[in-house]
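Each chain gets a letter, A, B and C, in the order it is written, and its residues are counted from 1.
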Amino acid sequence: MGRSERYAGTAKLLLALAVGLMLFKTVLPQGMIRPPEWLVLPFADWINAVFAFLQNDLGLMAVTRAFSDVVEWLLNVTANLLYGKSRWPNLGPIPWSVIAVTAFMAGYALKGWRLGLISGGTFVWIALMGQWKWAMETLSVIVVAAPFSVTLGLVLGVLAWRSPRFERVLNPILSIAQSLPHFAYMIPVVVFIGVGPKAGAIVTIIFSVPPMIRMTLLGLKKVPEEVIEAGKMSGATRWQLLTRARIPTARSEILIGVNQVIMQCLAMVVLASFIGMPGLGQKLLQLLQSLKIGLSVEIGVTIVLLAVTLDRLTKAWALRLPVHEAASPSWLIRNRLLVIWLALCALGFGLAHFFPYFLEVERKQALSVAGPIDALMDQVIRLITPVTLWLRWFLITWVLIPMRDAYLWLPFTAVLLLLAAVGWAIGGLRSALICVAYFGLIAASGWWDRAMITVYMVCISVVIAAILGIPLAIWGARTPIRAGRILLVCDTAQTFPSFIYLIPVIMLFGVNDVAVVAAVVVFAAVPMVRYTIEGLRNVPPEMIEAADMSGATRAQVLWHVRLPMALPTMLVGANQSVMFSLFMVIIAAFIGTQDLGQEMQRALSSTDVGKGLVLGFAVAFMGLMTDHLITRWSETRKRALGI
Amino acid sequence: MTESVITCRNVSKIFGPNPAQHLVQLKADPGLSQAGYVHAVRDVNLDVRRGEMLVVMGLSGSGKSTLVRCLSRLIEITGGSVTVEGRDIATLSESELIDLRRSKMGMVFQSFGLLPHRSVLENVAFPLEMRGQDRSTRYARAREMLELVGLKGREDYFPRELSGGQQQRVGIARSLAVEPDIWFLDEPFSALDPLIRREMQDEFLRLKGMMNKTIIFITHDFDEALRLADRIAIMKDGRVEQCDTPDQIVLHPATEYVAKFTSEIDRARVVHIGSLVAPLTAPATGEPVAAYRTIRDLARQLISDPRVEIPVINDKGAVIGSVLRQTALDVLLGDAH
Amino acid sequence: MKSIKTLLAGATSLVLLAPAVWAADSTDPIMIPLHNWSSQIVMSHVVGDVFTSMGNSVEYVTTDSQAVYESIRLGDASLEMEVWEGAFGASFDAAVAKGGIHAAGAHNAVTREDWWYPAWTKEACPGLPDWKALNECAALFKTPETGEKGRFLGGPVDWLKHDQEKVDALAMNFAVVNAGSAAAIWAEIGAAEKTKTPIVVFNWTPNFAEAVWPGEFVNFPEWVPGCNEDPSVGPFPDKTFDCGNPANGYMKIAAWDGMKDKWPAAYATLAKVSLTNPQIAEMAKLVDIDGMEPEDAAKAWMDANPDVWKAWLN
């Protein structure tokens, strides 16, 4: 208790200082309003020097090119098999009917009819909608990138588990890596690898490794001690222990890691179209650029379906518990699924041989729902234009421009003190120092104004997301059915490739910050809603019953029991909300912003590694600081609630 | 005296940041208690004889599980020495240690420690696989072991598909697969329901009767210890309070702590006639009683027998002495004094 | 039927050219970069199909339209079909200076990029396309974010179009808002079209947009070399940028230096390629208006214009 009171005292003092700086802004020296020149360090030049050294003097270029050649070779193999690119082994393309049947059988074998229909159906949809080649271009990269990531993640995870020192080094790197915006990864890859599918594959590999490392480490740490001891007492060597006891026992966590790798791969592979990755992402980009909303939505749906399929399949695989087979002497019965699969594949190959329709559905034969979607979109825009016009006027005039000016008006020293105050109030000196260090580095990067614009947009978006999302979640948490439906909408909204929202929001709001905020809110609201529902639904029923028996009204139960108990979970949601907003604000540079994202985009098109990474780190630091503060706060709350 | 298979001399185990240094400090100041250090095993001296079953009994936190892990070097000891079959195990290289475990030791765990991704058969065959035996040999041996523990027909099941008792049977079969000379059992039945526990104890006694192994059995259940043990080592706070036969522990508890344990016990069920035998003072008269019987077994006879002195015979039928009826009745009815 | 004809034509040319081709061109695929606007994609596929018909193998790779010159320089991509003076001149020149890339030919097309408005705007502001008339209509274009000034929607800042300088030099009552991407501009025009809202944006030709939304460029004081640097040049003697952009920029074809040696026949063909504004617009239209896939559009264009591409062959 005493500690937190002392925290509050110091925090108030710091807050007062910050307010003082703001009040006396007019008399402050320029060096306290904006980072003075001596403070701004040429990080970008340093990073560029390091990269130039790596690239030219160390000859790392040769290494990366060699690695990318291997990746390219593998990509060619999968490309040949999946969509018939004329490369070794020159066997493909595998008919879509065979792949759909295979997906169905995989789903059926792992979980049953429903999953079978979902996964088989996804591929049927892709084929019938005439998107086969694009989807296969995308998949051919995932098929290569995911195993690389998994292997790399497994090896690094095992190393981190073996050596606590390595873990200590790796952990902060992973944290930063997981909060770097996607584009920051792309620039170095463009420098070292170039553009095109292999660059797409490699950026995907790099991007998707961190969760695998984390899950491997977690899984290995969770292996019950007795299993290890049993292994040791069986006379297992260290290697035997690792490969036959630890890793298999950590199977579930490792497979969840695989699941996350695949999901990350899918997200990145779509975005990698910015560096020449062909496939669904590129097609989507082209369609959006020619304002073909309907066709873009079709591709968006395909991406969502693919994500759902891959997610469910790998999760089912991860959570599958081994079941013994009824002893049966017959090979045929024991391997009946294999036999059925082979038979169906043979059938598929046969059909494809005689009817090209089952090999590939041509664009001309493809179905499309684009027309109605476009018409609907048209109607919607026409209908709500008065509303959006008013909203645009209101938000810009009364909210966004004043807020933006306020953020830019703040002296940077006042911001640092303010953050120190918040940090101190939440976690004492350590948190205060962490906050100041992160934002101090941002100040020293020389991108202060742009960073403040990013901060302003993220803040506004998260607040709007909370205003919209939390009541929705409270309403949704009332019944399980409602909750399920809302969560489904959330999942879908989140799985849609992020840039699909960019064009509709421009059409609704025009090129301005309202459009940016609208696009970001979609992403920021999802975790907010999800975690609020989860938090509310997981309040122990005894507590609610106790409150009911005390004669509390529904509102009182909500306000005094459910929301306080759900708060720690909701904070996790808020944390993710900030993360998602940061990523989306960067992508929203394609609408037109003056923040870090715009500079990031420029760095990408001029392949300026140093600048790109500096901007990326600036964004990552904002995320990490929020993460630190919210995590600390949530822990304190949890401890106070005894959960 | 039979030879000792495992010898512990002044074994200590300290958990903490710098255990060795802490041990040195403790030598100087035995009462020292420092935050961050847990003295799990203190100065234990123990001899496990070939073919005997030693039960290490203690409440949770008494250091019994740590001690048994020191004996197999699953945990490195901080001080003292552990000798197995005449070799100080602390000096063994990693491969020698692995060899020792592969050929001489087997262990059963409280929560079974089965590998969840392997079938019952593959779990039992695991130690054989580690030794590098070929597939058919090790599966044949594993099947044999499973039949022994009564799990024939469950070979293809996975651990989670079995009940706790069945899982522990798998654990037992696995630990016996390599035909170990030394068999460690770490609270093997503690995680089981009372009824199953009883059944498993009977099963265990059956198995024990079929083989001649040195057994170290850990339990927190005094009844279980009395039921199974040749000798019992009672532990408290990392020390061995007393190590003796059940009869002696019940009859002559060495410390107050041990006495507290024994006070609740129906001694008549534990104490054998044999442990009360005194040399004959007069020629034996009347029907003798067998030394292996407990006082409880003979309760009716003791109460109604008019003799002051009852002759006792061993399992070969030879008279080895006599027991005073009064002494036996004291055990049966509680001390008069 | 048409594609069969194309095939036949391809086969004929193959026979005619066979000795030369087989004697020289490498079997490695020619890497043709694709960007995010349709005329370039279709044109690339047309040239790619011609190469294929000559027996070469071709591969398409999507790249950033600025970064592509670096890729060509390093040989990762082999050629670039549309080098726009205004948009990519700087990147191209920088790459040329570093070496490894050169202009293999030029299109018979002029490029122009400047302020532009769709047809319905003219109804609201009849004085157009004169810039003074536009300035007088500034209030028509005002938005919440630009207050009382009219809004001009420019391209991304990194296109460096000096719109703000132009507004300052000509003392126009406009504020420049920069879109983040070309797509953002199209989305704005698309939205404005639904309500026929007046709008003035940055646009260029040749471009699919002129086929979708008929419109005109704003007539600024004519471009004179030096008007962007020398205040005395142009109508206002004390201002720079007091003029429009050049109304006839070049559109070149770039190639990797190594292409000449590696695929001499293909290179010779490439050097002959030259397309006009209507031809390029036609390509864009097939995709953007007729909704064809770029691959199909290329085939359709070749079927419709056999004389054009056959002339490149020998």
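Here, a contact is a pair of C-beta atoms (placed from the backbone, for glycine too) under 8 Å apart; a residue touches a chain by one contact, two chains touch by 3 or more.
These numbers come from a predicted model, not from an experiment.
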| item | value |
| --- | --- |
| Central chain of the complex, centres being mean CA coordinates | A |
| Chain at maximum distance from subunit C, centres defined as averaged CA atoms | B |
| Best-connected chain pair, where connection means C-beta pairs in contact | A-C |
| Between subunit B and subunit C, centroid-to-centroid distance (C-alpha), Å | 87 |
| Cα-centroid distance, subunit A relative to subunit B, in whole angstrom | 55 |
| Between subunit C and subunit A, distance of the C-alpha-averaged centres to the nearest whole Å | 35 |
| Subunit A - residues contacting subunit C, complex | 86, 190, 194-197, 273-278, 282, 285-286, 288-292, 363, 378, 381-382, 385, 392-393, 396-397, 401, 502-503, 506-508, 510-513, 588-593, 598, 601-602, 604-607 |
| Residues of subunit C defined as touching subunit A within the complex | 33, 36-38, 41, 57, 60-64, 66-68, 70-71, 74, 76-77, 143-145, 153, 156-158, 177-188, 190-191, 194-195, 208, 287-288, 291, 293, 296 |
| Touching residues (chain side subunit B, partner subunit A) in the complex | 69, 72, 74, 94-95, 98-99, 101-103, 105-107, 109-119, 126-127, 129-131, 156-158, 160-161, 171, 174-175, 178, 184 |
| Parts of subunit A lying in touch with subunit B, wherever the complex brings them together | 224, 226-227, 229-238, 240, 244-245, 248-249, 251, 321-325, 327 |
